[in-house]
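Letters are used for the chains, namely A, B, C and D, taken in the order the chains are written, and counting of residues starts over at 1 for each.
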Amino acid sequence: MATQTELFLRSHPQGAGADIDALKTCVERLAACAQACTACADACLGEADVKDMAACVRLDIDCADVCSTTERVLTRRTARNPELERSLLETCVLFCRACAKECEAHAGSHEHCRLCADTCRMCEDACRQLLATMS
Amino acid sequence: MATQTELFLRSHPQGAGADIDALKTCVERLAACAQACTACADACLGEADVKDMAACVRLDIDCADVCSTTERVLTRRTARNPELERSLLETCVLFCRACAKECEAHAGSHEHCRLCADTCRMCEDACRQLLATMS
Amino acid sequence: MATQTELFLRSHPQGAGADIDALKTCVERLAACAQACTACADACLGEADVKDMAACVRLDIDCADVCSTTERVLTRRTARNPELERSLLETCVLFCRACAKECEAHAGSHEHCRLCADTCRMCEDACRQLLATMS
Amino acid sequence: MATQTELFLRSHPQGAGADIDALKTCVERLAACAQACTACADACLGEADVKDMAACVRLDIDCADVCSTTERVLTRRTARNPELERSLLETCVLFCRACAKECEAHAGSHEHCRLCADTCRMCEDACRQLLATMS
């Protein structure tokens, strides 16, 4: 069954103008990653060892902002500009990779970091795969 | 199977501190509504009759911003403040209701407006149900 | 000399549709408050006593998100809806007041909290004054 | 007299960790650009010739989101990552430049597009100058 993201992409008057499967997956994982990073930042803030988690909180919040903006830009299909999309996706890959690496360092002690690292890696992959369809 | 939203709520060091089913549903529908409104605003902008859709584009963008902020605030569970959560949820109900009503007026001519109206109504309901568990 | 905010309000094809001085001041203070809360949250996160600042970080981040959304909604003047504006302003007053109060408790030990408390109070006042012109 | 942005950068427990004049100017222009693009998008939406302004509305909204995220990331100074900052600044330069170019094409007929184009160019310059201090 088509997801909400796919239904909207298919209902756009100009069409998706891109590989619809790669685009849909990317938009959905960006939304999941923005939420995971927001949740992980706040959970880290509530931990007894928050002093050791400061870098993780900071990267989580940044990654949430970047994924949320990338999700919005890719959701828009009117008068699209592939050069801008590519640059934003490449930046997003760097934030997701850095955040995944930082969260992986705490995955053994905090379940939210383990979950967040996985979500960041899935998002990083989806951004790379969408980029691959655009070259 | 537990959704990502639920897994994060359960992994928070202070716990969810709220009715976890109502909270989970609300956060998930806020995310869906933010994305739907972003997509509908852009699709309206690409329509031949965009001049008649200006009010819809504007409300969609506002509703996306308000749902996105409400999603973030509710996702955070450290040092939570129920008075602030209630006020934000009540404001969000008004934006979702107004946006649903505007989109319903165009549901016959634009499929993205029909989809968006449904998503706004689902989000409005979830906000009301979470509010009901907090009184 | 007119500020950028005022120049844009005056160049809108439908006009500002509100008390332009109160609206301009409110939009400018919302932008200042969003930035102050973002800076204060991050500075708190870098403090040696971050464990005692967790509630402050959390409120700062929430207040930044709410002020940023309120700034965007009030900046938009096409097909405006005063009922929605009022509800969002009332919610924003509560977030600014709560954040000011929390920051004031740390104003003696952290200069960024003292600065942030002042900015939140100025924003709270501007929201109240804009609300007063709308009743 | 020091601006609010500078006072916060100077009150950060780890210091600004960068050329403070270039950083301050960049953060302030990013905030101005995010607001200008939000205002211009909405003013375009209210114009009688909105059908010819669809690409401008879309780029304005994207540029507002990208500038707002870049402003937030640069405002944060805890555990900063210059590689991520550089990539985001380079992406932001592309969005500001594209948005300025689009707004310049309408500057003769719409004052808000003329104002927005200027603000985008000032922001593009400030991002480039901050990048120059980081190499």
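Here, contacts are C-beta pairs under 8 Å (C-beta built on N, C-alpha and C of every residue); 3 or more make two chains touch, one makes a residue touch a chain.
All figures in this text were calculated on a predicted structure; none of them were measured in a lab.
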Report task. Look at the interfaces A-D and B-D and say which one is made up of more C-beta pairs in contact. Result -> A-D
Query raised in the report: Hey, which chain ends up farthest from chain A, C-alpha centres compared?
Result: C
Query raised in the report: So, what's the distance in Å between the C-alpha centres of chain D and chain A?
Result: 22
Requested in this report: Please work out the Cα centroid separation of chain B and chain D, and write it as a whole number of Å.
Outcome: 28
Query - In chain A, residues with contacts to at least two other chains - result: 42, 45-46, 48, 54, 58, 61, 68, 72, 76, 78-79
Report task. Going by the contact rule at the top, pick out the chain B residues touching chain C in the complex. Result -> 54-55, 58-59, 61-62, 65-66, 68-69, 72-73, 76, 78-79, 81, 83-84, 87-88, 90-91, 94-95, 98
Report summary line: The answer for chain B against chain D in the complex is residues 42, 45-46, 48, 50-51, 54, 57-58, 61
Report task. Using the touch rule from the top, collect the residues of chain D that touch chain C in their complex. Result -> 4-5, 7-9, 11-14, 27, 31-32, 35-36, 38-40, 42-43, 45-48, 64, 68, 71-72, 75-79, 110-112, 115, 119
